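Below you'll find the structure, written out as structure tokens, and then a few comments.
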Amino acid sequence: MDFTFTEEQTLLRDSVVRALQRDYSFEARQSIVRSGTGWSPDVWARLVELGLTALPFPEDVGGLGGSVVDVVAVAEVFGEHLLVEPYDASIVLAGGVLAAVGRKDELERIASGEAIGALAHEEGRGTPDPSLVTTKAERSADGYALTGEKRLVLHGADADVLVVSARLDAGLALFLVDASAPVATRFTTVDGRRAAHLRFDGAPGTLLAADAEPLLRGVLDRAIVVLAAEAVGAMGGLLRRTAEYASTREQFGVPIGSFQTVAHRLADMKIAYVAARSTLLHTTALAEAGRLAPQDVAVLKAQVGRLGRRVGESAIQTHGGVGMTDELPIGHLHKRVLAVDAMFGGTDHHLRRLGAPRSPAATG
Amino acid sequence: MDIAPDADLEKFRAEVAEFLDTAPTPEIREAGRRTTSVFGPFDQVMAWHRILHARGWSAPDWPVEHGGPGWSVEQRYVFADEYQKRGLPPLLPNGLRMIGPLLMELGTPEQQARYLPGILSGEDYWTQGYSEPGAGSDLASLSTMAVPDGDDYVLNGSKIWTTYAHHANRMFMLVRTSREGKKQQGITFLLLDRMDLPGLEVRPIIGLDGAPEQCEVFFTDVRVPQADRVGAENDGWSVAKQLLKHERGGSAHSPMLRRRLEVARAAAAETPSGFGGTLADDPVFQRDLGELEAEVASYEHFEKLAISGHPIARDPAYPSLNKVMSSELTQRISVLMTRVVGLDGLPDQREALLVGSDAEPLGGDLALIAMPYYLNSRATTIYAGTNEVQRDLIARTLRS
Amino acid sequence: MDFTFTEEQTLLRDSVVRALQRDYSFEARQSIVRSGTGWSPDVWARLVELGLTALPFPEDVGGLGGSVVDVVAVAEVFGEHLLVEPYDASIVLAGGVLAAVGRKDELERIASGEAIGALAHEEGRGTPDPSLVTTKAERSADGYALTGEKRLVLHGADADVLVVSARLDAGLALFLVDASAPVATRFTTVDGRRAAHLRFDGAPGTLLAADAEPLLRGVLDRAIVVLAAEAVGAMGGLLRRTAEYASTREQFGVPIGSFQTVAHRLADMKIAYVAARSTLLHTTALAEAGRLAPQDVAVLKAQVGRLGRRVGESAIQTHGGVGMTDELPIGHLHKRVLAVDAMFGGTDHHLRRLGAPRSPAATG
Amino acid sequence: MDIAPDADLEKFRAEVAEFLDTAPTPEIREAGRRTTSVFGPFDQVMAWHRILHARGWSAPDWPVEHGGPGWSVEQRYVFADEYQKRGLPPLLPNGLRMIGPLLMELGTPEQQARYLPGILSGEDYWTQGYSEPGAGSDLASLSTMAVPDGDDYVLNGSKIWTTYAHHANRMFMLVRTSREGKKQQGITFLLLDRMDLPGLEVRPIIGLDGAPEQCEVFFTDVRVPQADRVGAENDGWSVAKQLLKHERGGSAHSPMLRRRLEVARAAAAETPSGFGGTLADDPVFQRDLGELEAEVASYEHFEKLAISGHPIARDPAYPSLNKVMSSELTQRISVLMTRVVGLDGLPDQREALLVGSDAEPLGGDLALIAMPYYLNSRATTIYAGTNEVQRDLIARTLRS
């Protein structure tokens, strides 16, 4: 058993830390969020330069053949720095599908960073589970026509390459759809990402894979691992900043960290962080070994959601008034954790999967 | 014990209901639906304050001699109940529940005559200037100086967490008038009769919810007449403690919590659970909703005991018990709301939330307010004495 | 609105406090629990003398015509003193049914304390709700024959007068059954009461009331109010004793109550106690006014169960090692609270009733 | 990262499984089902210890030179996993995890030769004499005196929370040998090679669960050879701190927690929910069970990280993190168990719980153990350094 990063992974991670420390201060990030596009092509170019967009893809499409561990190693850093560039949407989600179905052309453009991809899958509260998708694909004269609504598609209105899940006959299928086809309602999320609701009204689609539920589940499971890494990175940021604040902020003539309730709240934040990060690393190792079971993903997603919320709320409470302002990263880190919790099935959804009766074969 | 129903009360309820059904403008109703804080949308809330005042109902808790309606405890509950059932925005507390009652108790006759009418009528909005960047929970270490000069004080320093200071035309505040002795001594309580004084500058602070609810206020040689002092010079600490009593207790807060819960319950009936059926039919949601129903009920019972004169209201821990219970319930209800809306809580809709906004809301009413309400309510355990300070106070009363 | 005890009620309560302080020290109570009968006929005689067994019954059966408020006023004291005598079983439960159906003979004997009554109703985890009773009554040559099993019948094997609920045709009925008829498995409960599982195997019964579900619900609702009063009394004892302990027990050279986490835990105990007691008094006033709705009872039962558990666990933690021993009242008070929680539907049962969709008429 | 499966490991698993399926006597299995504490039924647990020793498996964590089996981290997990799947009673920790490892580290060669074999084999049971009535969390203020006299110390005072002292034949303890300097100085660590010494008296204490697990031990002029001191005189505090490290970490505790959860899960499948169907099919139960599944999983991951050499194990907060997490999970699982049994948890079954008892159990296996397990586990956050003390320690590592 080994749950540590390799030397190469540590070096990669350090290079990302340095780049973001230089180009992605909290103030810089806030201007990016407030900008028209909502994310920075310059920062994106920097990620391309560092090889991050190519990281998880095979070499024959210009990728670096990196593993899920590599992506997790950098995603923690993304989370702590509150990255809003379309890494999850393009590289992890859309890229994940395209790699699984072997679409080299699109993949090359995505790996090189020149195209942005997005995956339109979730349909809101009712459908954290792929089996509940209601968007429909019907055969048309020249292929397929998709009808339905997708909610909170990360970078759904920025994408050049749009992958869409839809019901085809009895199964679930994946399609490429012209990115300009859906009616998009754009918005910024509370954690500063751009996203959109997309309405498809007979949009023409190219079939990527039929009966793609297992494939999609695989992509979503790995995406959840990466999102969880971002959340854990954010939790680490919350813990570190709160510990620093408690050591320096004085009230009643002493640092607030010397009050036992503040100290114990910090201890609880640390316990939550350690638990969540342990599960992240363990689950990443399982994913790397190709042994990721649905319940492992459920544990990770639920723990990150529950424990992340607790860490964020404790950070705000410890900071007091200033923790309530838009001017400190604290609230933004908390909102990143909340957003991760809400996407791809919230805490309760995953906890109930864990608590449901198991077939004897699955026990162990 | 006596909790018998009362026919007169039912007549009163009908009268209240009729007024509340007809008097608020559509904008005021909209403001109610879009309230995500103790402090609702300013313009509409103040307009509603003035409408209520015209009916004589702006200050249910005030004594008749100062313009209160002279209602019984039961009537006040009925009013709060009907008010909340309609989701009307609460009036701003600073005037009616804080500086108003304080002036009745400790203000000079001149101060009462000058200031109470505007508080009652909703002509004036008072912001509170207590906290400073260096003095949060440790309020007594505040350092904004007021130096006597002729008939005036000259103020230098700054205040923070001055709610809606950018809307305010008046302010009550604590200043330091002496550095002698214990730091609680040397504090003075002042009234500012306007906010456009030379040397006074207001900077709104954007909150987690995206709203400029709080402000910072800077004072550079601002002159304030000494006649606008409440209590004696250097006795402001005990004046402020007196005011805290009004802030922390005495009114019917539970109907608002109940209303919030009803909003969540109603939205759940139209939300898929993700496990087949609606959230309202989902046993897990029912248990969690039920727990908050029970907690809100207990808090309502606690409030009713206190308001009806049960000895609990004379427990020295009462104000702190009240503050901890109501603030933590507010937060728990807000979390339930975000659970109901799920993904739909993620779009940042600060534009669409403004009353009269052109921006199209995404999702239903609850999707619009759940996340900002949740974020805003994180402050309830911080302001007005953090809940840590309140628990210290409660524990102190248990020491033998 | 008035939620205070009258002067008479306060006097009655004080007289009970004095009697129990004298005759029912913790040590005396523990010997009673360990005794063969498990409760004390002497103490029972003292309760009779104080008029407590006659308290809630009409004057024509020798009762004092007291109200539910009177009973609640003394039940809080019973709870704090961990009474194990059959007051709930005989006076509140069996007596409640007999009073509702007007059985004067049995009632006179119960009100005078000479007979002990018991109500066999609950059938275990599956049946907190009267509608789920499965014990069956069938018409026989000379009346009715009852078959089924009742679980945790308070004083079920000590009773002279045994009331049993059973399904009769489509409805629920109440019967008098010869107390020696069932096969009894006697035991002591964790909170020191005597109880029994009772198995009825065609036991002959006398019909007290057919279609008695509303009647029984009324009796159970009032019994829940009284049990809740005992639990609130126990919570008060836990709070008071723990506050005293924290003020006197020293560690690291200072009273442990001066540690902020201990202080805040005490504050939370107080908050829980105040919430539970407020609900107790409010619900009692509603019962007195004949306005008790099912959801009021559910709130009370759930709050006492949830908050009581929290108070008890906090009391033990604050006491440390000595809180874990059988030698202090702390653990026994906690067990009393836990037992009240488990009887007549636990916390979750009642919370779910509260959270279930309401008909519009019931809203308000 | 590497978590690849391993064919050799599966062979090992089969070997372990075969032994654990056949070696324990029926009484030992029954003792496992009736274990409601860290400390299972004494006679059966010690008998099982001796059986395991005969196979060479009594001390998986011990180094080979002292009689450990020389297993890899993975093998130790497999062993713990198979052990717990069968619900076998855990061996008592005092010898194997506490005084044994301490003697390996700090004992003299004579002490090691004399005491380690009996610990390994299960011939001896050692009780721990740390706490005193006046010194609980504040252990350093202990006052049991040991006065040098010839080659001996003469002991006077008393110890409390000496687990199973009435079964013990040996004891390790802290005594005061000096009142000079800071109170942590002047403490000495002693071994008692027998418990039937003149002047030594043991009084069992009945716990909330009705079991005499803890004891008080009284010393009146008890003579102990100075050769049975570990470390230097007056240096016992650092010896005890060294021991705490062994107590608080390093072993696979999560398989036991998982086992407890499986017991609750299995019982839920046969328990009506009261809402139609079984508890196992009830969404509320599923959510709550799922939360504990997730928490146990995280704790297991944390343990595996630590055991496999991840830097987390070198975090100065590690022992405290481990203690807080495992103790609070134990308590939460015990609460879930009492929820499963509901009313059936109320009969006091202390007689039926004894291994080989004639008393007929009321309800199933879980009904027999749920309440005593819940009550007993309230102590897990109190003993071995209260969780308050642990949180203080964790917070201290976060201070900059």
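Here the chain labels run A, B, C and D in written order, and each chain numbers its own residues starting at 1.
Definition applied: a residue touches a chain if its C-beta (ideal position, glycine included) is under 8 Å from a C-beta of that chain, and two chains touch if they have at least 3 such contacts.
Computed from a prediction, not measured in an experiment: that's the story for all the values here.
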Chain pair with more C-beta contacts, C-D versus B-C: B-C
Of all other chains, the one whose Cα centre sits farthest from subunit D: B
Whole-Å separation of chain centres (CA-atom averages), subunit B against subunit C: 41
Rounded Å distance between subunit A and subunit B, as computed from the means of their C-alpha atoms: 38
Approximate Å spacing (C-alpha centroids) for the pair subunit A, subunit C: 52
Subunit C, residues touching no fewer than two other chains: 259-261, 264, 348, 352
Per-residue multi-chain contacts in subunit D, two or more chains: 275, 283-284, 287, 388, 391
Touching residues on subunit D, where the partner in the complex is subunit B: 275, 282-284, 287
Interface residues, subunit A side, partner subunit B - complex: 122, 124-129, 132, 151-152, 185, 187-191, 195, 197, 251-253, 259, 261-262, 313, 316-317, 320-321, 323-327, 331, 334-335, 338-339, 342-343, 345-346, 348-349, 352
Of all residues in subunit B, those that touch subunit A in their complex: 131, 136-138, 141, 160-161, 205-208, 210, 214, 271-275, 279, 284, 338-339, 341-349, 360, 362, 371, 375, 378-379, 381-383, 386, 388, 391
Residue ranges of subunit A in contact with subunit C within the complex: 259-261, 264
Subunit A partner contacts - residues on subunit D that touch it in the complex: 1-5, 73-74, 262, 269, 280-281, 283, 285-291, 293-295, 297-302, 304-305, 307-312, 315, 317, 320-321, 324-325, 388, 390-392, 394-396, 398-400
